[in-house]
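Structures incoming, each one as structure tokens.
Next come two complexes built around chain A: one with chain B, the other with chain C.
Entry: the complex of A and B
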């Protein structure tokens, strides 16, 4: 049986699971309503108590919507951060914390890092399995924009070769990220450092010009200014990576003797297996550290997975409380129309019909609340995504997924089963007492 | 009767000996210069397991790793870790070459041997045999089952 389940495509599994979760409610509904048409009476009760009914529906919708929105947001954030690391197959740096280096290289969070020397970079770049070895140079900024030195090849790859204007051709030219407030043709002088501690006049004689703008990448690199790594070295008064007779060269190969150092090298291999081989090769005690940002993120997600479980549990508990409140409310509402129910029974309406009316009243509130809750969840996820994207520069999209649909199906099924209780309680009340109420 | 008791007494330590042998199963195995050290996997009740091992090619030529086979699994393959849409996944690799003088670490978040269709659950402290298939023949690995949340072999860092 499990073999058959695992042989199904993921979509078929999701649909089957949704159906399985809804099945108890469908069966109960079919049994309760079998042979009766209680809807005209149910509609009349809903209209008669429309104020209370609307309140119940809104209460359920908000509770369900917040739960769905938060769960979808967590998944969206995971996807967004993974997408931001997509272009960074393998990162080689000096030994230290993989997380710190990933935050610096992929998410452009400023940090002090030791440098790899020219010989090490040359060994990486000249390895037979390496197709791209892009040195990164951090440390400068312009306003809120980090200024990053790298190679033209990596910049093109980062922007998927979608550059408005042109690529740099000299060490005083730069590319602006999609969100950088500098237009093509404008000039700027980078400050040394970031934020309040940045020294604005440290590189006063450096005047760099924007010659191109990268298409949006949905990553923190959209807010960065990219320039030839040679330019970063030059404004710091260092050798520019090339021997004096080739001082005008931009981009690799670099001369190890004139290579000032780089905190991180983004490495790519043509074959998938070669990335793993390179990782093994450049993981050396006290020399170099090689890691996959994707694997570091996966480790983080594993830790966050526990938080997701807590969030899911909190959402379930909240909805359980709402369901209990709704059931209590249904019972109180049924007291309001106790007289009408007693009259129905006195007129000879079968007990099962009365049961079906009360159950379908509760079911209508719950299903409407859950449906509206789904829409509320979509809206909540969309608003949260915009807030997170604006604050982190990581493009977060959080469409509703199957896990939220399963969550909703489970909620609907469970509450429809629980609504049998108030219907049963109404049926146990004495007809005579009800008529006198 | 005395002979029978003596035979019984002599037979008693045998299970203990067998267990000791299992614990002392070699951490290091070798074929044609390809050395494998510290093969391990995580305890799992499921039907799949990832096996990790440190490999080093001390021979004179390149070795091609092509797959794996074990008596407790219906299939074995070399897989590489990837992150797809924020979800960890393992992609099958047809073969992985290991050049002479180079090392290759099969470890969590990188390369691994995936065993599918396990015939039994793997419990911590358990051991089993696995054959890593190469173009130079099959290299026997003695795989140790570590804790379900283990990140590395318990002897990681020992060079043996």
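Entry: the complex of A and C
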């Protein structure tokens, strides 16, 4: 049986699980309704209590929508951040907090970081298993845009080789990220530092020209201006990484003696397995630290995973409470149509028919609320994604996934079962008392 | 055809040792038309509810071959559905449904194959009661007399052998009440239905075969009428 289950494609599993979650409610519904036509009465009751019914449906829709929206959003955020770290296989830096180095290198959060020297860089770059070793030089900015020095190879890799215009060929040329408000051909002068603390005139004589624009990546790098690392060093009055006789060279190899230092190096290995070897090799007390940003994020998600569970639980509890209050409301409403119920009994309606009427009234509210809630959830998730994307530049898309559908199916199933309760309570009322009421 | 009724030693308790109604003996032939009168609070409605199997009681109520008080709640309900039509003092209609749907209300819990025939009978009753042209109108716009006629059509749609009516002419003006009495009596006589009608209205009780008088929960009079 479990072999059969695992042999199914994921989609079939998801659909089967949704169906399984709904099955108890469907069975109960079929059992309650079999052989009866309660709909005219259900419609009549819905119409009589239309105001209350609309309120109930909205209440359910909002609570369901918020629950679903948040869950989808959380997943979207995880996916977006993981995707942003995609291009950063292995990062080597001076020892410190992996988290802050990752935030600086992958998500471009400004941090003061100690530098790796030329010898260390050279050791990394010339390691036999390393195919790419790109230095990253942070610290400057232009307006909102961080200005980052690196190699042409890494820039090309970031943009998936989709560059409008061309790659830089000299140390006064730069590439703009997709969201940077500079067009090809425009010039700028980088400021030292970021934001309010930036010193605008520190690099007063440096004029750089945008020669290309990178395709959107859905990461904070879309806001960045990339330039040859040599340019960053030169602007700061340092050696440019190359011996005087090769002073015009742009890009690796660099000359260890003329290498001013870099806070972080992004490394790509020749083969996947080599990443692990490289990580242990460059994890050295006091000298260097090597880590996988993906693994740091995974660790973060593990912590957040607990929060996700708490969130799911809270969403479930909230929805349970809303459902409970709706059921209570149903019960109160059912007191109002007590005479009609008694009338049905007096006319010979079987208990199950009365059950069918009261239950289908509750079921109509719950199903309508859940359906509307799904739409609300989709809308909430897309609004939240847009807000988060705008705030962080991390492209977050939060389509409703199967886990939300399962969540919803579970909710609908449970509440449909629970709404048997008011129906049962209604039936316990004395018929004659109801008629005399 | 109607059902005969045999009651013996019937006692309907009202809680705290009170007796709402006690009827040592009563026999009615099938198709009898019986009026029930008595002062307010005498126990007339209680009698009708007991005859419909809606109250717990001691003694015996036998409709034809069926010992009503021995049946469990669901079987009594079933018996009611098959054998008893009820007309309530204050109509008790579903205001959101039209006259036709109200008259055919019991079709909703009948087996599917019986529903169409039931609707047809309900609409025939409505026509016979002069509401044929108004079957599609919501009853919320109906007058008191029209509502009462819808309630009668509903009670008779199942062609139940027994019809129990509680003050069917209360709240109607004289002319409408007389028309209604005419309709009720004709329909009952034509189909041989056993009719038990609680009423203060002499115009109604005069048309019955017998009139019972109930006072303080006891049967004090049982007269045959001239008609």
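By our rule, the second predicted complex is superposed on the first by the 426 of 437 C-alpha atoms of A that agree within 3 Å, B and C clash if a C-alpha of one lies under 4 Å from a C-alpha of the other, contacts with A are read in each partner's own complex, and residues count from 1 in each chain.
FYI, a residue touches a chain if its C-beta (ideal position, glycine included) is under 8 Å from a C-beta of that chain, and two chains touch if they have at least 3 such contacts.
Bear in mind that the values here come from a model prediction, so they are computed numbers and not experimental data.
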Based on the superposition on chain A, does the combination of chain B and chain C result in a clash or a fit?
fit
Return first, second, both or neither, reflecting whether A:164 touches chain B, chain C, both chains, or no partner chain.
neither
Pick one for A:280: touches chain B only (first), chain C only (second), both, or neither.
first
For the overlaid structures, how many degrees, to the nearest 10, lie between chain B and chain C at the C-alpha centre of chain A?
110
So in the superposed three-chain picture, is A:47 touching just chain B, just chain C, both, or none of them (first/second/both/neither)?
second
Could you say whether A:172 touches chain B, chain C, both of them, or neither, answering first, second, both or neither?
neither
State whether A:14 touches chain B only (first), chain C only (second), both chains, or neither.
neither
For A:343, using the defined touch cut-off, is the partner it touches chain B, chain C, both, or neither? Pick first, second, both or neither.
second
Minimum C-alpha separation between chain B and chain C after superposing on chain A, in Å
52
Spell out the residues on chain B that touch chain A in their complex, using ranges where they run on.
47, 80-88, 91, 93, 95-98, 102-105, 108-111
Which residues of chain A touch chain C in their complex?
35-38, 40-41, 43-45, 47-48, 339-340, 343-351, 353, 431-432, 435
Within their complex, chain C touches chain A through residues 49, 52, 54-55, 73-74, 77-82, 84, 86, 88, 92, 94-97, 101, 105-109, 111-112, 115, 154
Under the definition above, what is the set of chain A residues touching chain B in their complex?
2, 75, 78-83, 85, 272-273, 275-277, 279-281, 283, 292, 294-299, 301
